[in-house]
Every structure is written in structure tokens, then in C-alpha cells.
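After this come two complexes, each holding chain A, first together with chain B and then together with chain C.
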Partner chain A sequence: MRDYSLFVPEYIAAGAAIAIVAIELIWPRLRKDVLAYLMAAVSLGWLAASLAYLGRDPKEFMGVLVVDDFTTYFRALAAGIVFVTCLLSAQYLRRRTREASEYYGLLLTAGAGMSLMAAARELLTAYLALELLSFSLYILVGFFRRDLKSNEASLKYVLLGGFASAMLLYGISLLYGLTGNTTYDAVAEALANRSGDTDVAAIAAFVLIIAGLGFKVSAVPFHTWAPDAYTGAPVPITAFLSTASKAAGFALILRLFTNAFHTDPEEWRWLVAVVAALTIVFGNLVAIQQTNFRRLIAYSSIGQVGYMLVPVAALGYGDGEIAHAATAALLLHLTGYIISTLAAFSAFQAAYDRTGDDTIPGLRGLAETQPFLAMVITISLFSFAGLPVFAGFATKLFMFQASALPELMWLVGIAVAASFVSLYYYLMVMRQMYLFDPPEGASRFRVTPALWAAAAALMLGTIFVGAYPQPLFDAADGAASALFQEGAAPHQVRER
Partner chain B sequence: MVPLENYVALSGILFALGVYAVLARRNAILVLMGIELMLNAVSLNFAAFASYLDPDRVTGAVFAVFVITVAAAEVGLALAIVIRLFRLRATSNVDEAAELKW
Partner chain C sequence: MGAEHAWLLAAIPAGAFVVLALFGRYLARGGDWLGIAAIATSFALFFPVLADFLSEGDGLGPFTAAVEWTRIGDFSFPMGIFVDPITIVMLAVITTVAFMVNIFSVGYMKGEPRYWWFFAVLQLFAASMILLVLADNLLLLYIAWELVGLCSFLLIGFYWEKRSAVEAAKKAFVTTRIGDVGLLIGIILLWREAGTFNIQEILRLAEEGHFGHTYLLVAMLFIFIGAMGKSAQVPFHVWLPDAMEGPTPVSALIHAATMVVAGVYLVNRMLPAFEVVDETLLVITVVGLVTAILTGFMAFAQTDIKKVLAYSTVGQLGFMFVAAGAGAPEASMFHLMTHAFFKALLFLAAGSVIIGTHHHQDMNELGGLWKRMPITGTTFLIGSLALAGVPPLAGFWSKDEILVVLDKQWGPWAVSLLGFAAILTAFYTTRLFIRTFLGQPRDPHIAEHTTETPPVMTGPLLFLALLSVVSGLVVFHEVGTALGFPGGFGEFVFLPSHGPHGYEFDAAFAGASVVLALLGIFTSGWLYWGGRLDRSTRLAEWQPRLYDMLVNKFYFDELYQAAIDYGILGFSYVVSWFDRYVVNDTGVDGSAQVTGYAGFILKHLQSGRLPHYAMSLALGVVVLAVAGLVMRG
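On to the complex of A and B.
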């Protein structure tokens, strides 16, 4: 069935990406922040177009893409992230470059890649969507051509990214050799009917695929690019990297693992559990010794990815019911994490616009020079650490509860312990903001209205999700059930 | 006819050589060549599996074509970044690009 009307949101994104380059060519003197607000408006239209598909029956496009509530959920997330990133970029980019249209265009194509990753039901399509996102990000990370750090971050990202893609592809090629097919349904069926015991090729395929995807979400030991890319990239792109690329990676992982790999969980579930444990421990321990705010956020987000891999491991250990609950909880936590991260970056961006300093001591005395920003950063960091009332607490609670299977208790234990450790390094940031005097000559400053509004709205969102998670939980649950109802293949484990 | 195992073995060797090149070489361009070797191993795998296991349909062949295309795009992108970095500091050595600590 070729129903091209299924992809209106992607048409909007891709069309606007091309249009904005043309707009800058025609009116080169247009103020660069106008371009940003224009694209922010486009992403609102994108969001509206995505929500129009909400609650409709799942529709397939030639067996390779599907538009259901799960896709809608990630489309809405992508549009929201792009919207906030455009607001963050407006003043930042206006001061630094004379050509900004490619930046916003690539931001939109990256968002389109993210929503296609959530929609893909076939390995080649999933791979191409992944590369659409990755390629856009490689360029965005190195967008400042004359900035050595930006270029270097981009080079490291592209080399390690290419390496990870090659591993992922080799894993996919082995899987194709094993199953003779690349659509998720057919792979699931072939894995269920596979004769014989665990064999080397299957293990190798799963190891390589998990390594490739682990790179994209920056799980240990494939995380080395993240701290460098986060520090070298333009600040709004750091915000985009730590939200969109992770959300997209998990969108792909969730659909792949619940619709293709679920019939043969014994080969991969231990691997995911081990990667999750490594990621949690390593991310949180290395974060302690960071002195740069962006590197700190990079390592803390690596720790967060570790928490999010716990329910992915639970997909392999539990039955259909548990897998459903784990998926819904993961979506909820991912969304709470995205809101908190964007809140933190909106506030950090405003402070950075003023000081130009991205070290943690650079935030010294922020509570005096700009108490509102200090409060927003504090609340987001509390949310990361999982303190009650803020988003991180409720969503982590749901997530660990859903994953607390007898086989995974050790992992949940590590995750909870690491959450306490993480409070230490978040408090170090707050100590700088609240206990120290601002540097000599620093005075109170004002925040631009767009950034102020973004920070305030996202901060309220963080508190709202933490205090009353029910509406978001219902949405996440609806999105998760789309993964478990479609297709004739019931959630069954193959007999041995 | 050459048995399938030979193709898979060859692609495994190519892949391993590519991984070795990526890990052992310090020059960005040689790292890129290592990645290319890995991607060639992938294409070989797809072509071999397609003709042996799934001769009626073209999934594997299509996949191989896309892998080649994406690999070309990736190399173009990476080389552009290498050239920019080279202009800024006259080196394509990954180790010397150490502004950001690992």
C-alpha cells in the first residue's frame, strides 16, 4: 500500500529544510534570529501535523514504515526538541555566524531522521533513517568552521560514528544471513523457528548490532565520542545531541527489540544487562571528576542511558506484559529526561550567552547575578538525580519498578545506588551557583524573552511530570501498546 | 560453484582487517580506509547471502547498493571535515587533534 499521506510531518520538515536555504539565498540580509523563530514556527506546525495521526489505526507503508501511536509519540518529541533547539540557537548563532540557514535545515532533517527511526519496521529503512540523523549531527557538531574544537569534535564523532555504523551493518548482514529477510516481522518469525542451539553467528550478529546501537545512544564502552562532541559542538547542538540522538536511538531499539528480537531473547538479554551495568557505573563515576559543565552533562547523560537500558534488558527477561510495562516506563523516563535536559540547557545557554564560559566554576555566583537561571538549573539537576517532586523521581520509580524482575534485581540495585552517587556531582554545581560570590565585575543581567519563556515552561514541565505523571504516563502507555498489538506475531519465546 | 562459507570467511577477514586499521592507525584518512574495508565486508556478505539464500528477491542486493551509497556519502563528509581541520592546524593525525581530552 502506497499511502503517501502518512508522512505529512516529514514533508513539512524536509520541505522547510530546503525552503530555509532558499530564503537565506534570496534575502541574505535577513536577521539570523528571524530564521530561528521561523523554524520554531515550522516545528510547531510539524508538531500539530504529527498529533493529527494520534489514535488512528496503525498504517503500514510498503511493509517498511509504520505510522502508529509509537511513531506519533516520537514525532511529537522530535518536533518539540527541534522547537526548543531553535529558540536556544537564535541569539547564539546570530552573534557567531553569517550563514545560519544550513544549521536550521540540518536540524530539521535530523528531526525527520529521528521520526523515521521510530517508524521503521525494516532494517535497511531503519539504518538509512539512523544515518540521516547521524550525518546531520556530524555537520552540526562541526558547524563553526573556524573553531578548532568544533572541528575536532566533529572529526572524532564522524570517525567513531562510521566505525559504529559499520559494526551495526555487519551485524545486520549476519542477521540477514541467518534469517534471509530484513523486515522485523520476518526476522522475528525466522528467529523463533531457528533450529539448533545458540550459535556463533547469532551471538556475533547481536553483539555487533548492540555495539552499533550502543554507540548511537552513547552506552559504555561505546561512549568515547560523547564527552568530546558535547564539549566541542555549539551549545544548542549539545542540548540537541543529548536529547534527540538518545531518544531516536531508543525509538529504534524499542521497536527492533519488541518486534524483531523478542522471539529469541536468550542471545541478547545478558548482553544488554551487562552494557547497562557498565554504563551506569562508569558514567556516574567519571562524572564526579569533571570540571566542565558540558562534559559533566555528557557523563551524567551516559549514566541516564544506563538507567534507560535497564528496561530494555527487562524486555528480554519478562513476558509480554512485563515488556509492555517496561516499554511504557522507558518512554516516560525518556520524556522526563528530555524535558529536564532541555530546561537545564535553556538556562545554561542564557548564562553562557552572558559569560562565554562553560566550566562549572564559570557558573559561580549565578544565584546572585541571575537567580531565575540558577533555580532552573538546580531543578533540572535535582530531576536528573531523581529527587521527589521533580520528573526524574517519578519516572525512575516507574522504570525501576517495571524492570524489577528476579533476574535483574542486581542491576536495579546498581542503578539505585548510582542515583545517590550522582547527587554528589550535581550538588557540586549547585555549590558553585549558591555558595560562592560572583566573579569581580559581574552584575545582574537580563535574559532574552524567548530563552526565559523556554526555561520557565520546561521547568514547570519538569515539576508537572514529577508531581502529576499520570497524563504523560497514559500517553507513553498508549504509544507502548502500539508496539505490542500490531502484527500477527504474539509475544512468544521460542521453544528449545 | 564457490561455497558460501568462502565468501563469509573472506568477508570476516576483510572486516577484521578493517577493525584493525581503525584501531591501530592514527591518521584520519587511514582510519577512514579501515571503515571502508569494514563496509566492503558488509556489502560482500549481503551479495553472497542474497544469491545463495534468497535468490528470488533482491533485498540483499538492494542493501548492498545502499551500503555503497551511504559509505560514499560518509567518506565525502568525513574528508571535508579532515580538510577543514588540516587547514586549521596542518595535520591529519588523529593524535595531534587533542584539543579535547579523551
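On to the complex of A and C.
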């Protein structure tokens, strides 16, 4: 059934994306930070429109998209991330460019792409949504046309992204060959009944699809683009990349794996577990050697993705109940991670606006010149490292608890040990901020109210989620339930 | 107030922390009065909790109260408190020492920068530490465990401006975190089999044989690693002496009386499970013995007052582990309590010396201070005698208890080793006292300007000195009964499986104990009497390599540095090199800027780097696919 009323949030995003370009054409002298605050206001409207769908019965759109609580969860996340990114960009962009409308427009389309990835129930629709997000990001990463770093990063991202898309498409076509269909339900049904002589094709299809999606969330060994893109992109886009892009990837992965692939887990679960282990070990070890803050965050976020792949592997090893718990825990951790990351970037953005230096030593003496920012960064990093009271501890605990199946204990062990190693490189950052004197001539400075408020709110969020995770968990659990409702995952698992 | 409200003891300082952290800098006197008021309230509230605890039934039944923190599907995470005699002892120690240290800090920290912040973190520490001993489940315990570690980190690094202080804070944090990872793994292992984090449930299941023997053995060893890290047992001991970079009241509270005994507390708390796999008891005993003896030697060659006390603390923690390893929580907790009082006293007195001499703490510059600082000197002497184990001071009784239980459990070999450690203790304690307070001042200039500290500092010293004298007496049945306890210490704290037992005075052991103490004291006195160093110098020259080894603390630090440099960092360097030059590059780090805009696309396409990136993707797919086909095909 064609119920066009299901996509009001996307209409808002896309409409505003077009409108803002028009606005800048008509009033070219409008201050660029006004555009940012305008778009921030739009994303609040988008958030409100998304939440209006909360708790309604799931509705399908022609069998390819579905609006349920899971979609709503990611719509709200997308709107929230875009909101914060707009705040981060306001002053940064105003100083650097005279045409900002495309930037904000593309942010909104990227956010819409993310919501659609969460809503997709059909392989090609999912692919298109993913490309909508990717194309917006390719341009955003290279937005400063005169900045070589930004250009180079964008170029690498585009080329490798194309490569990854090709792999994903090839995987999808193999899967189509196997199952004769592309909707998740039909794929699940066909996978459950496929004969044993299609194993090779199935494995190839899963490997290719996991590679394509692994690229999106930057899992090892498909991560190579991330450090360069993180360092070259405009700083707010780095924040966007490390939150929205990963969240969107996991949205797609969760619906795909719980609705389409769950009937044939034996062929992919080991693969996810291996990729998770590689990602955890690799991301955390390489992070130790970094001297650039954004590169450090890139590698640390690669490690975080590794942790998040652990419950995805658990989807394949456990029964429906465990899969449900793992999904909810993953959503919780993802959200906590997003809040902490945005907190770190809000503070970093404020410092960067002042110093223009994104190396770790560039933060030296921050505790003296701006103790508030130093505190926000410290708390975010503590949260990444999984220290109690901050979000990362509780969410990681629940995630590992949900995934602690006998088959995955080795992986959980690796993850716990890696969390310890991660503390080492987070301490390197804190050491610069607290131990060293500020550079010659640096004085105490003020933070713009918007950034200050964003950083403070996100920091409190990090502490709140860590101290009392129940409300957020209930929301995540509600979203996860949508994936496991009656009729959503009805099929028997394939027997070998 | 009932014992079920014991959580208030933690909540009050926690509230004070929030207020101080937010508004401390604007309050009069940095809000020190608020901190003291908060901890004084906790101290005062301890007594109704104790009275309520004793009045219920036989006065030994544990109290529990729990609320649900988070429910995840069918799995709920209740957070609750648990009060039993072990908790009561810990609460007594924490609230008393924290109260005294808060008062003392008013004098000690006077005029320091970030005065308000110091009091704020002190409150957070008190709250976390009380929470740690009240926790009825391992999850809450772990949270509190990390929180006290965080406070310790913040307070060791209190003087940010001093590089050594920040390095020491980092070292403490990282070293204890290694133990914490062990603890966390142990907790996860226990939880996986038991399905609960509740400590009493886990102990019950362990005693019923719910866990496999090897499984429980591994889990308990991991738990013990956590305890070793926190309580700085060899080989984790390296962080504690460095932690002396923190302000001295912090050393007294956190690094002598409370936080570092968390490991001892944990082992005593989980002792029934350790007893099920009794191989672990031997491990605990041996670790304790090795620590007691090694750190006894290490304390020999130190000249910084606080460092001597730090090594002494590590050694005395070893004594407590030895007692726990002998399956005697009563002896272990007893020594924990007496040690908390006399060691806090010694540290605070050292702090008083530091203030009185205007920041000198090296024995080579001090001497003859008793005349200048009579109260500090006298209280330090009381603390020293208690530490050395001279009757009738507190340390004598608790050390004697340990020797008795050790003899029962492991026999003469263990007793003789611990006896040797006791001689070492008496020796370095005497040396410390003589070289600081007796003889002629080594630097007359310093001595001239030395004055006794104000009452706000000597007051806590006198109170703790009193406790150092009398607290040992609770071992006697009559004293316990007079105080309203069900009897002496052994009749209050005991394992359910062992039952209460009264203190038996064993003349042979008591006599031997006194002889050991006197042996150490007289040897040391002969060597250093009057602050003379010629005899000890000759001793050092006689065996220079041995002396070097002591000065360098058996080269533990150097060994670890090498292990980290060549181990983790080396490995990460290799992986990172691989990432850079084999699958990735550092193009953005430089090459882009030196090439022209037009040329760079070509340049980078030809540089072979982008293909490297793509290659890594393709290789990843191929390798995974091949692996899949081999494994499953």
C-alpha cells in the first residue's frame, strides 16, 4: 500500500535541504551561522515529527520500507546528530566559507539516508539509502575545495567507497541468484530452504555483503579510508562520520541480519566474530601510535565498532531471545557511544576553533586555558574506556553480558582486555591537557554559548546514561522489539 | 537509625562532593567545613548503625537492602547493601580515619592552590570507599572499586604542576587497572556460572559445589589478581611508593588505611569461595609472605620518611593476606583495623613533620626533632612501637593473632618466614624513628626553624595515638562484652563454617613475638643510635651490590619499563607500521601539501598508495572467503 504519510520526517529533511539552497540564493549575505541555527531548528522539527510515529503499529510501504519503533529510534538519532553537527558547524563554517547552504543541505540528506537505511526491508532499497548517505558524505568530506587535505580525503573516500559499493552490490546479486528475491522476508525464507550445494555461493555473498557494510562502519580490514577521511574532513563532519555513518551502518546491519539472514546463521556468524576480533585488536593497538587527535578518535572508534560487532555475532549464535537482548544492548551502547563522541567533539571543536591545531599536543594546557572543555573531553574519553559511572561502562557491560555465549567467551575476553589497553592512549590525551603548560601566549578563552551548551548537555548525558541507563534501555528495547515482533522474524532456521 | 539505612553513610559525603565540586571555589574557606561536617555526620551515624546491628538477634545476622538499578529483559541488576561484621569493621575504620584526616587536612593543606578541590575529592573518596564495603554485589563493588581508583588517581596527581606527581598518578592508575581487568574477568566468570552478581548467592553456590573445581579456581585466582593490584602486593607493589607524591593526608587515608586494604577486604569477603578451592589459600599466603619480606628489605635503604612508610604499608598488607590465606578473616580484619589506626597515625605524624620543618621529608636532612616537636614525636613513637609489635600496643595483638593462625594452618615454615618479616618491620621502624627524631639534627638550619604544628593537626594525632594503644584490646572477650559486642574480635568476625572463637593467650607465641620485635629494635638501635651512620655505611660498603639492589628496589621498575617498551609498545608499533606502509599510508601527513592541486590526483593515483588501500579491502574479502570455504565448504 502506498501510504505517503509515513515519511513526514524525510519530507522535512529533504524539503529543508532544498529550501536552504534557495534561501542562500535569495539572501546571499545572510550570516552563515544563522543558516546553521535555522537548520538546527529544522532538525528539532524533524525529531518531533519522528517521535510522532512512536508506538504506532508498524506500517509497510510497498514491502520495501517499514516504519516501526526501530525506524523511529534511528530517525530520532539522525535528527539529534544533525542537530548537534549544525551547532558545531555554525562558527567553524562561518569563518571558512561563503557558501554554506549545500553543506547544511547535504547534512540533512545524509540524515535522511540514515533513517531510510533503518527503514529498508529490501536489499536494493537498503543499498540506495546507503548510497544517499554515502554520496552526501563524499561531498561533505571534501567540502573545502581549496583544502588539499580535505580533497585528498574525499577522493580516497569516493574511490574506496565505490569499490565497497561494488562488492556490496555483487553480494546482493549473488544473494538474489540464490533466493530469487530481494525482500528481507523472502530472502529469509529462501535461505532457510536452500540446498547444501549452494554453500559456496552463500558464503561468497555473505563475505561480500559484510565487506560492503564493514566498510561503512569501518571494520578491519575495510577501515583504511577512515583515518584519512577523519583527518581531512571539516571537523564537524568528522564528528558526523564517527556517529551517523556508523549508526546508519548498524541500523542496516541489525535489520538485515535479524530479518533476512537469521535463518542461515552458520555461514556468517563466524565471519562477523572474526571481523570483530580483528577490529578490536587492530583499532586499539594502532590508536596507541597516533599523534593526531582526530586520527586517534578514528582508530578508537574502529575499536568501538569492534565491540559493537560482538553482539552482531551473538545474533548468529543465540536463539531469538538472546538476539533480542543483544540487539537492545547494541542499540543502547551505540547511543551511549554517540552521546560521548558528540560530547568529545563539541569540546574539541571549541578548542579547535581557538587553536586551529588538531594534534594531541595541540591540546596541551587545555586544563588551564579552558578547564571546562578539558573536563568534557576527559569524561568522554573515560566513557570510551568504559570507566564506571560514565555511559561506556554500563552500556558495554550490558552488551557483553548479552553476548556472553559460550561460543563467544573468547571474543568477550579480547574485548575486555582491549578496553584496558585503550585507557593507555586516552590517558595520553589527558596527559597533554593536564600535565603540560599551555603554549606560549595562550590565554584563557571563552566558548560560544551554543557549543558550551551542547558540550555541557552531552556531558551530562554521558553521566546520566552511565548512572541510570534504564530509560534509554527501555527505548532501545522497544526499538529492538520491533525487529522481533510476531511476523517480523517468522522463519525456521535452516538445518544442515 | 537501622542498619538498612547504612547507605546514608556513603550518600552524605557524596552529596557534599557534588556541592563542593560545583560551588566549592565560591564557598568560604573552600568549603572545608562542609566536608568535615559531612564526614563527621557519617562518623556519628556509624554508631546507631552499629547499635542497631548489635541489638538485632544475636547481633551477627547480616542486613541487606536492595533496589533495582536496571532491568534488562529477564535479567535484573539489583543494587543493594550488605552489612555484616566485616562491613562493620571496615565502616569503623573508614569513617574514623576519614574524619581525622579531614580535620588534619585543614592544617596541612592551608594555603595550597585548589584547596576546595582537595576537599571535594576527599568526600568523593569517602563515599566511594564506604560504598565499596557496603556493596552486596560484585558489580556495585566493581563500580566503587574503580571510583576509589579514580579518586586515588586524582589525589596522587593533585599537584598537577609537578611532573613526578602526574607520572606517579598515571603509574598507579595503570598498574591497578591491570589488577582491575583481572577482577572484572573474575567477576564475569563467576557471573556466567552463577547467573547473579550477588556476593552471598555466589558464595552459597560455591559452597554447594555449583561451580566446577577448575572453573572456580581460575575465577578466584582472577579475583585475587584484582585484590593484589589494589593492595599493591608483589609484583604490583611498584605504584604505592610512587603514590607518595600525593599530599600526605591522602597517603594516610587512601594509601595506608582504607583504599589499599580494599584487596584484603575483598579476599576476606570472598573467603568461603577461596576455601572451596583451597589451592588458592596457599597462593594468597605465599604472595603475602613474599611481599612482607621483600618490601621489608626495600624499606631498609629508603631515606624519604613517606617512602619507608609506604613500603611498610605494602608489607603489612602482606601480613593481612597471610592471615586471610590461613583462612582466618578475624586475624586479617583485626590487623587491618589496628594497622589502619597506627599507620594513619604514622603518616599524619610524618605530615606534621613535613609542615613543621617546612617541607623536608628526607631523613638525611632531619634528626633530633623530638625536642622541637614533642607531640608529633611522642605520637610517632607510639605508632612506631605499635607497628614494631611491642606489647601492649595494638600491633602486637594483631600480629600475634596472625602468627597463631598461621601456625595452625601452615606450620613452622610459614611462621618462621613471617617472623623474619616481623623482625624487618621492627628494624626499619626503629631506624625511621631514630634518624628522624633522635640524635643531633643533620641540618641545623632546618631544625632551627622547626616548630610544633597547630592543634588542628596534633589533635587527630593524639586521637589516633589513643586508638593505636587501645584498639588491640578488643581481642579480649571481656573488652568486647564491655563494649556491647558479642565478645572479643574472634567472636565477632568469623567464617560461618568455622564458628566464633575466643582469644587464647599463648605465652610461647606472645613471648616469641616480643623477642622478634626487640631483636629488630635492638639491631637497628645498635646501628643507628644517636643518628650515627658510620656502622650502617660500613655495612653498605661491605656488600655494595646488595646495597645497590636495595636502593633500586630489586629493579622492579626497570624490569616493567623494559617489558612495556619491548612488549606492548613494540607490538603496537609493528601493527601500526604495517597499517601505515603496507595497507595504509600517511599521505595526508605531508605529501599533499607539497604537491600542486592539479597534480595531486595523478600523483596519488600513481604513488601506489590508493591501490594499497583497495588491495587491503580486496585481500580482506578474498582471505575471509577462502577461510570460509575451507572451514565450512
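Note that the second predicted complex is superposed on the first by the 489 of 496 C-alpha atoms of A that agree within 3 Å, B and C clash if a C-alpha of one lies under 4 Å from a C-alpha of the other, contacts with A are read in each partner's own complex, and residues count from 1 in each chain.
One rule holds in what follows: a residue touches a chain if its C-beta (ideal position, glycine included) is under 8 Å from a C-beta of that chain, and two chains touch if they have at least 3 such contacts.
Keep in mind that this is a model prediction, so the values were computed, not measured.
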In the overlay, answer first, second, both or neither for which of chain B and chain C A:105 touches.
neither
Applying the touch criterion given at the start, work out whether A:478 contacts chain B, chain C, both or neither, answering first, second, both or neither.
neither
Based on the superposed arrangement, let me know which partner A:151 touches: chain B (first), chain C (second), both, or neither?
both
One more residue to check, A:159. First (chain B), second (chain C), both or neither?
both
Just chain B (first), just chain C (second), both, or neither: which does A:224 touch?
both
Quick one: classify A:249 as touching chain B (first), chain C (second), both or neither.
neither
Is A:438 in contact with chain B, with chain C, with both, or with neither (first, second, both, neither)?
neither
Let me test your reading of the model: by the given contact rule, A:329 touches which partner, first (chain B), second (chain C), both or neither?
second
According to the contact criterion defined above, which of chain B and chain C contacts more residues of chain A?
C
Report for A:232: first if it touches chain B alone, second if chain C alone, otherwise both or neither.
both
Could you list which residues of chain A make contact with chain B in one structure and with chain C in the other?
146, 148-149, 151-153, 155-156, 159, 163, 167, 224, 227-228, 231-232
Complex contact set, residues of chain A against chain B:
123-124, 127-128, 131, 135, 138-139, 142, 145-146, 148-149, 151-156, 158-159, 162-163, 165-167, 169-170, 172-174, 176-177, 180-182, 224, 227-228, 231-232
Going by the contact rule set out above, which residues of chain C touch chain A in the complex?
69-73, 75, 139, 142-143, 146-147, 150, 157, 160, 163, 166, 170, 173-174, 177-178, 180-181, 184-185, 188, 191-192, 568-569, 571-573, 575-576, 579, 583-584, 587-588, 592-593, 595, 597, 600-601, 604, 610, 613-614, 616-621, 624-625, 627-629, 631-633
Which chain B residues qualify as touching chain A in the complex?
8, 11, 15, 18, 22, 28, 31-32, 34-35, 38-39, 41-42, 45-46, 49, 53-54, 59-60, 62-63, 66-67, 70, 73-74, 77-78, 81-82, 84-85, 88-89, 94, 97, 99-100, 102
Chain C partner contacts - residues on chain A that touch it in the complex:
146, 148-149, 151-153, 155-156, 159-160, 163-164, 167, 199-200, 203-204, 206-208, 210-211, 215, 220-222, 224-225, 227-228, 231-232, 266-267, 270-271, 274-275, 282, 285-286, 288-289, 321, 324-325, 328-329, 367, 387-389, 393-394, 397-398, 400-402, 404, 409, 412-413, 416-417, 419-421, 423-424, 427, 431, 434-435, 468-470, 473, 477
